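Two complexes are shown next, each including subunit A; its partner changes from subunit B in the first to subunit C in the second.
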Partner chain A sequence: MINVVVNSQVHRVLENSNLLMTLQLIAESQSLDLSNIAVALNQHVVPKSQWAETFCQQGDQIDLFNAVAGG
Partner chain B sequence: MTIAATDILTKQQFIQYYRQILLPEVAEQGQKTLLSQHIMIVGVGGLGTHVAQQLAAAGIGNLYLVDDDKVENSNLPRQILFNPESIGQYKVSCAAAELIKLNPDVKVNTYAERFSKDFSESLFAGNSALKQANEDERFILLDCSDNMPTRQLLNHWCARHFIPLVSASVSAFSGQLMLIDGKNTPEAGCYHCVFSSLDIQQNCQSMGVLGTAVSLVASMQALTAMKLVLNIGSLDKYLHIFDGVAMSWHKVMRHRDLKCPVCRHWPESNNTESVHSLALPSGETKL
Partner chain C sequence: MLTIANHQFSSRLFSGTGKFSNSVTMLDALRASGTELVTLAVKRVDLKQRTDNLMKPLDDLGVKLLPNTSGARNGKEAIFAAQLAQEMFATNWVKLEIHPDPKYLMPDPVETLIAAEALVKLGFVVLPYVHADPVLCHRLEEVGCAAVMPLASPIGSNQGLLTKEFLRIIIEQSRVPVVIDAGIGCPSDASAAMEMGADAVLVNTAIASSPQPVPMAKCFQQAVITGRAAYQAGFGQVSCQANHTSPLTGFLNGLS
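So, the complex of A and B:
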């Protein structure tokens, strides 16, 4: 298992987890809608099409942002 | 066509804009650039009224306001160009009247229409000055709208025509800001590369918002536009996130989604590294 920090909270995930697996795990426990969010890994936005190809590493900082649409 | 760029500032203009001209990054040439610039503001609500007021005061020569809404009482706490007498009138008309009073140098074009696909497709055909400005790279668009379908539509239109887009949004205490520029920073991608959902149920009507938070995000949006027009600093490739409770701005680097259907016609960028290698340069250990 490795530790990743998601929105300032430490989560333990399997060593070979990709970003998509990690996000699905968190979405389940926090009723998060993955279609509405942007994801930054260590301060870089990861496009949705790359979530499954991006592997998490020990200490990764993952930030989730809900789209804001008001004006 | 390029009349404004070769014009000399009048003595009155020189005095009026003196504090801006004093900045070496602006100077007299920069002020002339501002006066010859065309900026379209889509959504004349909280963000749009603030942005329009700031840009008009700074001497952006040609503003285009697009909004099909009429002023309501509940708009007044944050939509600063309106007053109780504006209620029931088109936002674009009331805003234009105030902006012209504020700065007679500014030409304000109004469209009391929704920014739809049909509207966007007829824009250049119906306005040759705007078409010319776009060809001369003197046209940018500011997204101040209040809903996701319009945001995606604007992004789509700007991406197709390579129009620089400064997208800002605000809701409750949160704000977001990004500069999208297919010609100069294709590697940062478009709005759809970051947020691909076509609709979300969240706006100022359902979430509430403070005018002061709106004003802050609007100022950042207007500053981004001014810097872009005047070529000040490096081109911004971040998603900026404002947290009005924590009183902080945070930014994350954007990367183009190579599978994005909206910006796939953009030129290749030199930046082909994978996201993880960008996020963690080799040899760098985290925590």
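So, the complex of A and C:
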């Protein structure tokens, strides 16, 4: 198992987990809809098309963003 | 028709989604305004709090979404926000706003110009929010911005067209659309901006903070249409002296 930090929360995921698997795990445990989420891995935006081929490392910082009201 | 980066708008009133008391009122007000371009912001998800999905109802409304980079304090953060927004909204349009000062939210001109140039090179359609600075607007046009969005007065202040004379210069000089953004407080401000020849206005707080946002949105729609029509019709000359519109003494001639 490795530790990754998702929006400041530490999560334990299997070694060799890809970003998609990690996000699905988080989404399930937090009732989060991934359809309109943007993701940054260590402060670099990872397009949805690359989630499955991006592998998580110990200590990775994953940040999830969504749309909010604004002018 | 207003064209920005090959996209045509029949409404010259752009709006935002901030500060509404609830999402039903927001959607009703946007519908009443007739707007076709609506701003949104990007925020880090709070995993402890559930939030409404804003995008689905806005998609259903059929408006084009314009994500902003609000919260960015420098060019680097703004580029990051734009890339997140591109991924989230599937659009390469971005309202570039960088305001490091939380009190007056004045846009940082240096960082905005740097970020605008970088974002244009990355393929974004950049609409920068800036002070009413004609030189800066010209520089932003030169680096490839699709429009410029100079402020009328501080964001959310409802103070109206405090920068009017500088907006006039920007409108005169600009070869890209000029969208007057921020501080427009009432429909007559919007109308005055359009009468000056602005291509569009962006109004959020004045609608959202009205006790009745939906009728107010309708008033802004009418004000923008009227202001634009007046600009197109053209104005009579202003003179210092009175110039009578009726004969003054002729009807007395012959009496005595």
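In the analysis below, the second predicted complex is superposed on the first by the 69 of 71 C-alpha atoms of A that agree within 3 Å, B and C clash if a C-alpha of one lies under 4 Å from a C-alpha of the other, contacts with A are read in each partner's own complex, and residues count from 1 in each chain.
We adopt the following convention: contacts are C-beta pairs under 8 Å (C-beta built on N, C-alpha and C of every residue); 3 or more make two chains touch, one makes a residue touch a chain.
What you are looking at is a predicted structure, and each value in this text was computed from that prediction instead of being measured.
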Problem set entry | Clash-or-fit label for the pair subunit B, subunit C on subunit A | clash
For this session: Applying the touch criterion given at the start, work out whether A:32 contacts subunit B, subunit C, both or neither, answering first, second, both or neither.
Result: second
For this session: Figure out whether A:55 sits in contact with subunit B (first) or subunit C (second), or with both, or with neither.
Result: first
For this session: Return first, second, both or neither, reflecting whether A:9 touches subunit B, subunit C, both chains, or no partner chain.
Result: second
Problem set entry | Contacts of A:1 with subunit B and subunit C, given as first, second, both or neither | neither
For this session: Please work out whether A:41 is in contact with subunit B alone, subunit C alone, both, or neither, and reply first, second, both or neither.
Result: first
For this session: Answer with first, second, both or neither: which of subunit B and subunit C does A:68 touch in the superposed model?
Result: both
Problem set entry | Intersection of the subunit A residues that touch subunit B with those that touch subunit C | 36, 38, 40, 43, 45, 47-48, 63, 65-71
For this session: Under the touch definition given earlier, write down the residues of subunit A that touch subunit B in their complex.
Result: 35-36, 38, 40-50, 53-55, 57-61, 63, 65-71
For this session: Report the residues of subunit B in contact with subunit A in the complex, numbered from low to high.
Result: 43, 45-48, 143-148, 151, 168-171, 174-176, 189, 193-197, 200, 202-204, 207, 209, 239, 241, 251-260, 274-276, 278-280, 285-287
For this session: Would you mind writing out the residues of subunit A in touch with subunit C in their complex?
Result: 6-7, 9, 26, 30-33, 36-40, 43, 45, 47-48, 63-71
For this session: Show which residues of subunit C lie in contact with subunit A when the two form their complex.
Result: 16-20, 26, 39-47, 50-51, 53-55, 67-68, 70, 80, 83-89, 155-156, 202, 204-205
